[in-house]
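Could you have a look at this structure, given as structure tokens, before my questions?
Each chain carries a letter (A, B and C) given by its place in the written order, and its residues are counted from 1.
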Amino acid sequence: MVTAIAPETTYEKVYERPRILIEVHTHYCPGCTHGVAHRLIAEVLEEMGLRERTIGVASVGCSVFAYNYFDVDFVEAPHGRAPAMATGIKRMLPDRIVFTYQGDGDLASIGMGEIIHTAARGENITVIFINNANYGMTGGQMAPTTIPGQRTTTTPNGRDVRRSGFPIRMAEMLATLEGPSYVARRSLHDPRNIRLAKKAIRMAFEAQVRGLGFSFVELLSTCPTNWGLSPIEAMQWVEEMMIPVFPLGEFKVVPELKGLRV
Amino acid sequence: MPRELLKGNEAMAEAAIRAGVEAYFGYPITPQTELLEYMARRMPELGRVFVQAESEIAAINMVYGAACTGARVMTSSSGPGISLMMEGLSYIAGTEVPCVIIDVMRGGPGLGNIAPSQGDYHQIVRGGGHGDYRVITLAPATVQEAIDLTVLAFDLAEKYRTIAVVLTDGSIGQMMEPAELPPMREVPRTRPEWAVTGAQGRPRRVLTSIYLDPYEEEKTNQRLLERWRQIQAHEVRYREYYLDDAEIVVVGFGIAGRVALSAVRAARAEGIRVGLLRPITLSPFPYAAIEALCRQARAFLVVEMNAGQMLEDVMLAVARRVPVAFYGRMGGVVPFPDEILEEIRRVVRQPPRLEEDPREAWFQRWSLAR
Amino acid sequence: MQVEIIIAGFGGQGILFAGQILAYAAMDAGKNVTWFPSYGPEMRGGTANCTVIISDEEIGSPLVRHPRAAIVMNRPSLDKYEPLVQPGGVLVVNASMAGRAAERTDVEVVALPANEMAEALGDRRLANMILVGALLARLPVLTLEQVEHALREHMPGRHRHLIERNIRALQEGARAAQAAFTPAMPG
């Protein structure tokens, strides 16, 4: 039996598109978590009231068109150079909020020099690092974060560490430096972890707003198309295969941020 | 302003400061390091931005980022570092934001040496980075000109939203001459209407060099070309010496042009009707001026510290109307005036032939002489 | 009129500074001048040289193969530059370091034991100014007073206490050169 809804019932809106996220279809594949990461950033910027002060720096890779999805000022950097470009912007406009959005090929391979030195300078910017263990845009080649044994188009028999080396743990590495104020790795493979990821992103921008220096959030992400998995299998693959290699957590939190409730 | 005895590298740095440069990003490399060091001292003193980058690649991308905010920005380097910057130059050109680069050339290719050279002519004048773009290229021959052209570089870069390069070499960078610095200008406070500054009270702005649709990219190329046509029409600069009655026209830029001036004077003292055209803008190149000289010249002599890079532009302008001879020193060797004097005498004695390839003829003579 | 002077020796002998003082003096005298150094790794402990060109008209090349004058402060510089000085030019030799006499007879040679003379003035580092004084005694492209003025005006702040000593060295070099030079033989 159906109970008629009384006309006086009111609804509370508990979830909506953040206005910073432009209402367009993205170019990302079904099941890819770039969209989740975009949304979390947009929510954080909106909650912190930063839309009019923010300048984003897109990189080269699948997120090359990130600037199409955020209603903030944006530039598009050469491959790997986003942290250097962000440095130039932030030095000219120290009171603006500057963030880069980079994938693993961009940040951990061709842009390794720029990310390390930007972190070492303690450049007061925020870096969102999407780690999906392969080069997505060019069709699934080995990335610096490809896990041992993982098949890619350039490791067709699985990454053989004797020939192709080992994955790089960026968050752990950057956490060894004096410059960063906040370094964390989170995952986007389930709701609980997505909530933790949002908290980390919030912490990172809070660090920048407070002028505490370089902040970095690595997000384990899916790439179902290039991994050859369904979206659900891809989520499971992150949990089962990636997290053992890339453990989640906060690797550096300066004292000024400890106890901050976000 | 009184004349001061100034070293080229430091003079260019101070000139940039007085032109209102707001940020300098650089990396050490001889023979331009004094410029970086000068900026390291002066910029923070003035409350402006100085960053020693981890590489020239990072430096040019910091320039790129800062330029996107509409600020007056620059970097400087020498050949090997300029090569690393080429990626950034192409992006900056494609994004249509202004910046200034000083290239203090040294001997190459490769690591080469630190002696003065003009081997980067092709790299800068022809573009260097990928894609279809050009940069304004200014070639000083004296410390005073290095100052004046550094200031001009900022003005032209901003006027045309383009890259302006001061293409000089270790000799101008390292030498001292009396020169006058310009008065200190105000640092611009307003930002251009295209700058990325945070979308406060306005729609967002995006600065990018991506135009995925080829038709859009073609439009961008067309816009760049249209701008370049304006630059060609209005910004050609060169200097003439003793050309009124000259039958032989020497063409040389920068330090080679200066060495040629000594040789031209010595040849004049011998009664040879010779003059000098010294291009100041290598790009846009003074094609029309050289073309006009074809009416009076019996021969051209191009003198460079490379294997004949500007020679190709002179030949385009001369278009086989008049024979052209070439004399070059390479690898960081600076010619002495007497070498060029001897070349002028040789052009009188054995005029070059219209049908010969100047570089080939030079190479043959040079090989025989060794 | 154009005069070219090369000053050469070991790094640390004040080669570049001696050239700069001439350049300052020429600038203050309203002349055109260029100062062109050797630069780079060779400056660190090796040989150093600079070319100073002083002229009434706009200067072309800042480098010449055959200078009007050379000040050579050690043996390698003597070997390198003695053959290059223009006939009728001036060759000033630091006899303390040259290890041999100059052989040219078609240039004016002034050889002074500049190190010992400098020590007698209380500072071995004054050898460069002694030789500059000697040069100007034979090649009056600038007056001693003009160079003295340049020392007073342009000596860097941390070295200002050395100005008077440098001026004494300059004068001592000029005085000694009047007594000690070998006239050039005609052509």
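The rule is simple: contacts are C-beta pairs under 8 Å (C-beta built on N, C-alpha and C of every residue); 3 or more make two chains touch, one makes a residue touch a chain.
Bear in mind the structure is a predicted one, so any value in this text is a computation, not a measurement.
Q: Does B-C or A-B have the larger number of C-beta pairs in contact?
A: Top pair by contacting C-beta pairs is A-B.
Q: Closest chain to the protein CA centroid?
A: B
Q: Could you work out how far the Cα centre of chain A sits from that of chain C, in whole Å?
A: Each chain reduced to its C-alpha mean, chain A and chain C end up 65 Å apart.
Q: Distance from the CA centroid of chain B to that of chain C, rounded to the nearest Å?
A: 34
Q: Using Cα averages as centroids, what's the distance between chain A and chain B in whole Å?
A: The computed centroid separation for chain A versus chain B comes out at 42 Å.
Q: Residues of chain A that touch two or more other chains: which are they?
A: Residues of chain A touching two or more partner chains: there are none.
Q: Inside the complex, what are the residues of chain B that reach chain C?
A: It is residues 3, 5, 30-31, 114-115, 170-171, 174-178, 255, 258-265, 334, 336-338 of chain B that touch chain C.
Q: Touching residues of chain B toward chain A in the complex: what are they?
A: The touching residues are 22-23, 25, 49, 51, 53-55, 57-59, 61-69, 71, 73, 87-88, 91, 95, 196-201, 204-210.
Q: Which positions of chain C touch chain B when the two form their complex?
A: 20, 23-24, 27, 32-37, 39-41, 58-66, 154
Q: Mind listing the chain A positions that touch chain B in their complex?
A: These residues of chain A touch chain B: 51-55, 57-58, 64-65, 67, 70-78, 81, 84-93, 96-97, 113-114, 116-117, 121.
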